[in-house]
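Just below sit the structures, each encoded as structure tokens.
The two complexes that follow have chain A in common; it is paired with chain B in the first and with chain C in the second.
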Partner chain A sequence: MTPRQKLNLPDSTLKYLLLAPTIILLLVLTIYPLVFAVAASLETVDVRTGARAFVGLGNFTQIVKDQLFWNALKNTAIYTCAGVIVEFILGLALALILTEKFLARNIFRTIFLTPMMLPPIVAAIIFKIIYIQQYGVANWLLGLVGIKGMLWEAGPKTALFSLILVDVWEWTPFMFLILLAGLQAIPTDPYEAAKVDGATWFQEFRHITFPLLTPAVLIAVLLRLMDTLRIFDQVFVMTGGGPANATETLSLYVYQTGFRFFNVGYATAMSFILLILTTVISNIFISRLRAEEVFTQ
Partner chain B sequence: MRKLSQFLVILAFGLLLIGAAFAGGAGEQPAGGTGKLVLATNNAPEGNGLAQALRQWGQTKGIKVEVVAAPYSNIYEKEVLDLSQKTGLYDIVLLDDPWFTQFAENKWLTNLTPYFVAINQGGLSSDFIDKSTAVCKYPYATGLIYAFPAVGNAQMFFYRKDILDQYGMPNGPRTWDDVINVGKKVTDSGGGTMFGYVLRGTQGNPVVADFMPILWSFGANMFNADFTKVTLDTPQALAAVTCLTKLVSIAPPGAASFDAQQLSTFELEGNAAMMINWPAFVADFQDPTKSKVVGKISFGPIPSQATVGSSEIGHWLAAIPAASKNKQAAFDFLEWATSVDGQKTGVTQFGNPPTRKSVFTDPQLMATPQFSYFPMLLQAISNSTPRPRIANWNEVENTFGIYLSKVVAGTMTPQDALAGAQTDITALMKKAGYIK
Partner chain C sequence: MTWKVLRFILLVLAAVVVIFPVVWVISTSIKTDVDIFAVPPMLVPPHPTGSRYTELWTYGLLSYLANSVIVVICTAVVTIVIGTLAAFSLARFRLPGKWTARVSFWILSTRMFPPIVTVIPLFQLMRFLGLINTRLGLVIAYTAFNIPFVVWMMRGFFVEIPRDLEEVAMVDGCSRMRAFRSISLPLVVPGLAATAIFTIILSWQEFLFALILTQTSASSTLPILVSSQLTQYKILWGQMGAAGTITMIPVLIFAFSVQRYLVRGMSFGAIKG
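Here is the complex of A and B:
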């Protein structure tokens, strides 16, 4: 007798019984907070009395008019696009180089992965020190090649770029790692066939490597996109959103509104917009992944 | 069926265990008031002083104590979450004085007057500096007592005595015009490594804390007396922000990202002549392993201009949450920790400035070179101004900070910045109900 026969439960009951723990966990950890958050996004909290008041979609209409929100959205968009594109290009180049066999290849692979192992806060603090105008390594290095030092994260025009640079330094290895795995998984036969046909290196890359690498590219870019859209640590540590609001991202603005000004309803409403944005963008990638048959329905 | 019954027995045991765990958690703080004392504090010398005192108190009194320490940037949200939800998790909170109005107005703190009456005192001892007592009362200076003044911070004007001597100002600059005149000469002759003035330009708290004394010196203020009008649209305010731009022009490049620590580094390395900063950095200047300017730094009052200069007060206050279950024990501890002896320990062990006049003028401490700045700090606190006592100060400060940061970064003119700040802060004050 199998255990199920011993319990004498009908199939349908057993099915739900086995699913129950997962469903309960999901309800408690995801659904309840989500419903609670929806309710909170429709309220305002009085900073002086703590009284809550229902305002309907008032928070959302206010967001549309909020210049700080649009500025934060713009900064987040620039950060995400620039960061992910540069990380992708560098990561792909590194992966292509390090997939070739040469001396000490493994040592290089390990070295390139180290930035990713640092906690983002630590990376941010290291770069804040590197960027110091008078004593920092960055300006000293520029000075060696005769370039006048720049303001880095202290200049309103260079601040966002300086933060993106930290992201690129820390997360290019992640792109590299996934793309390298993708490259290693490509079978060798198509290349052999291409060689017989006399294909150039670029033709091989264009018609064999890149198409077969697409699933890995999509996954790497998707994960980085979701991560950079909610970037917080570096901005919080390095600039606090300044100077002149040049680096305030959506996550930082949401955090400040929620936890510094205790405008919880407004912060929740903004979080929803960030959530919708992330979901829409991610789904574009996920549907492409489905088309590539990486995910199945 | 046997398996099912086994499953049920295991489930029952599991539930029992979970129940016991929760009961244990709740049992740590009996409602009677003999449980352990829990302190929420910032993870810096100011907070460590009180934490150390609590541990010592726990040992002598045989009370269990616990310290929850978090960095400055996180302790505010930890405290607000606990206080607003009335969890009673903390029995003592150490808070920065600009947060006090919000905490008191929301009725999150315990009114301490009955506890003082019980020990035959009308309130805080008259030994505390008047301005220190004033920030512990809600409404400011006149209301009930909700906190003890734990650490006596107020900004001071730091200057290089040797350099200002050369320019005929041995007692430091008297006005902001003096600062700009001398500062310009120092920067011009400094070859890009020595600067006349260095300022905090980081968006948010730092830039506002640096600028408020300048605003006051020019006879301006952010609000009228009862907070029903924003007064940043005045010629005095414009003169103050214009002064800020002049200070930026003689400050090191990158001032837009400086905070108090970086200012101190400039001064320690001998690369800056003048700055406004907190007393917490004084000790470093006398330490030859950290300072290249030992014995060269003097402290003076905030320079005057249209009115007499006033320092910004930044006390750390110790309060008892309204939801605490150990109020009497917490009160007894705070009474002891802020006593003359308690403050002396804080001064000698942690370098924390006191709030009692008798400790400031203690002959033993005054004879120690490390505390030679005490008379100056006592004067600074006695002549200090608090940040506006409004519950939404964090949001107002952030908004003002964005505009000031734009001025420091050179992306906005003083006129536009003040006009923007006037509009935005008025909107915030309307939202909070101060302006009808």
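Here is the complex of A and C:
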């Protein structure tokens, strides 16, 4: 017998041993940085000399007065709400259409999933190319139906909308995918009972489909909210937050403060506000999900 | 009947909207500068050229590609090994009190952190360890953000295997780890492969950490090559399209290969699909 085969640990030891690497890694790489960041958020760093000074909650009181912060928060809120709502409606509509069996259904399903699989950075440059101002295909298409071309992501009024459009294009498929899976998991019996009782299509949807779809809706919306609240890649590539901060989101503002202007304390303090926002929202959803008994064994 | 026809037309239109941009970027990557700005826009370039790709090659494409491949493979191997063990533990054993659920949700919650929150302190940690501009630094960062995903996915797969199977083997004299290796592990191989592919996809397209932790072509990954085609003065449209195409193709191939597990992967194992 080799020593390795002799190793026969009791389950009571084994369960901790197997968990240990994951726990340690997460503690070192996500919790330790967080603790470190708490300290950093209470400091200010002089950009020219590199000297640090303790300012207590100074960064946070400054944030409250910071117009650019409120602007970034507003943009993030608009992006998140508009994006997630539109994606949900379109995704649900597509899922409802594609639950019925018909010719080429699976081909359509596969096609519709493509955008979600693209790296976000690639989706961003694709639309950058489509939005090219005078000669781009988007403006050419608008021209065909007699609408004057617009500046898209380069225009202060249309920039945020143009970014949301990319998000909708890329992530409606995600909503569609999750909601379709949710719909397909609903048993057929309640519908048959409803048919017998003479329920209308809307009554069926309202009283059977929607309640049973709730877990899928919660998951899909939660994951999209988390992604849109942190949105960075597409904004960085398409607009860099411009024009005139019209598309500056929280993540981007934090990045610029920390890595362009090297104001680490201030950047960290702002990132905490994003963290708190995200945690509050995700906890609301997760507790609802636990109540629905999703995410349990 | 009319509804069926209408539905079909609607779906075809939606399919065009979905597919067109993907085709358009590939088409742009093989156009000459003149053709990129041609009016009306052309889907099939009249003078196809591969020069974007050769220009990227001289710009260090191979290095970015190699970095991406190395980082992604190392990340997948490390996260799968570490995460699968933890997942097995959470699926098979009970921690005292409510700790199984608490630990599981704590692991999940680290994934909910916006990356911008961890990236600033992580940057300082990496600088302290001398891991800025190294592939190792990226592997460590990617491992941290992929582990929660692996744990939750694998936990689901292990839960589905009846625990009796292992216990029968243990009655026959196997140790728990032996039973894990020769009974449970082979049964979750398809799920394990799918989870590995998901981690590969997620790391392959990661941008923020790569942007902040690496600044050299010797350490940066493909998404950085894509974004660096947009310079402050000029956008290199063709090269950008080419870099985007190269970054996109492997992901698409991988993603379609795990289509069966897509719902599960995209919902953190919450919906079985």
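Details
Here is the rule we go by: the second predicted complex is superposed on the first by the 270 of 297 C-alpha atoms of A that agree within 3 Å, B and C clash if a C-alpha of one lies under 4 Å from a C-alpha of the other, contacts with A are read in each partner's own complex, and residues count from 1 in each chain.
Just so we're on the same page, a contact is a pair of C-beta atoms (placed from the backbone, for glycine too) under 8 Å apart; a residue touches a chain by one contact, two chains touch by 3 or more.
Nothing here was measured: the structure is a model prediction, and the numbers come from that model.
By the touch criterion defined above, A:Phe210 lies against neither chain B nor chain C after alignment on the C-alpha atoms of chain A. Of the two partner chains placed by superposition, only chain C is touched by A:Pro33; chain B is not. Of the two partner chains, chain B is the only one that A:Gly155 touches; chain C does not reach it. By the document's definition of touching, of the two partners only chain B reaches A:Ala244; chain C does not. By the touch criterion stated above, A:Thr278 is placed in contact with chain C alone, chain B being left untouched.
In the superposition on chain A, contact of A:Phe127 is made with chain C only, not with chain B. Within the superposed three-chain model, A:Phe259 lies in touch with chain B and with chain C [touch as defined at top]. One of chain B and chain C touches more residues of chain A, and that partner is C.
Chain A residues in contact with chain B (one complex) as well as with chain C (other complex) are 7-8, 132, 134, 236, 259.
Chain A meets chain B in the complex at residues 3, 6-8, 46-50, 68, 132-134, 151-156, 236, 239-246, 256, 259-263.
Contact residues of chain B toward chain A in the complex are 1-4, 73, 76-77, 80, 84, 102, 105-106, 193, 201-204, 252-258, 262, 266, 271, 391-392, 394-395, 398, 401-402, 405-406, 408-412, 432-433.
The residues of chain A lying in touch with chain C in their complex are 5, 7-9, 11, 14-16, 18-19, 21-23, 25-26, 29-34, 36-37, 40, 94, 97, 102, 108, 110-123, 125-130, 132, 134-137, 140, 169, 173-174, 177-178, 181-182, 185, 215-216, 219-220, 223, 226, 229-230, 232-233, 236-237, 250-251, 254-255, 258-259, 264, 267-268, 271-272, 274-275, 278-279, 282, 286, 289, 294-297. Chain contact summary for the complex, chain C toward chain A: residues 4, 7, 10-11, 14-15, 17-19, 21-22, 24-25, 28, 36-41, 82-83, 85-86, 88-93, 95, 101, 103, 105, 107-110, 112-118, 120-122, 124-125, 140-141, 143-144, 147-148, 151, 159, 175-178, 201, 204-205, 207-208, 211-212, 223, 226-227, 229-230, 235, 237, 240-241, 243-244, 247-248, 251-252, 255-256, 259, 262-263, 266-268, 270-273.
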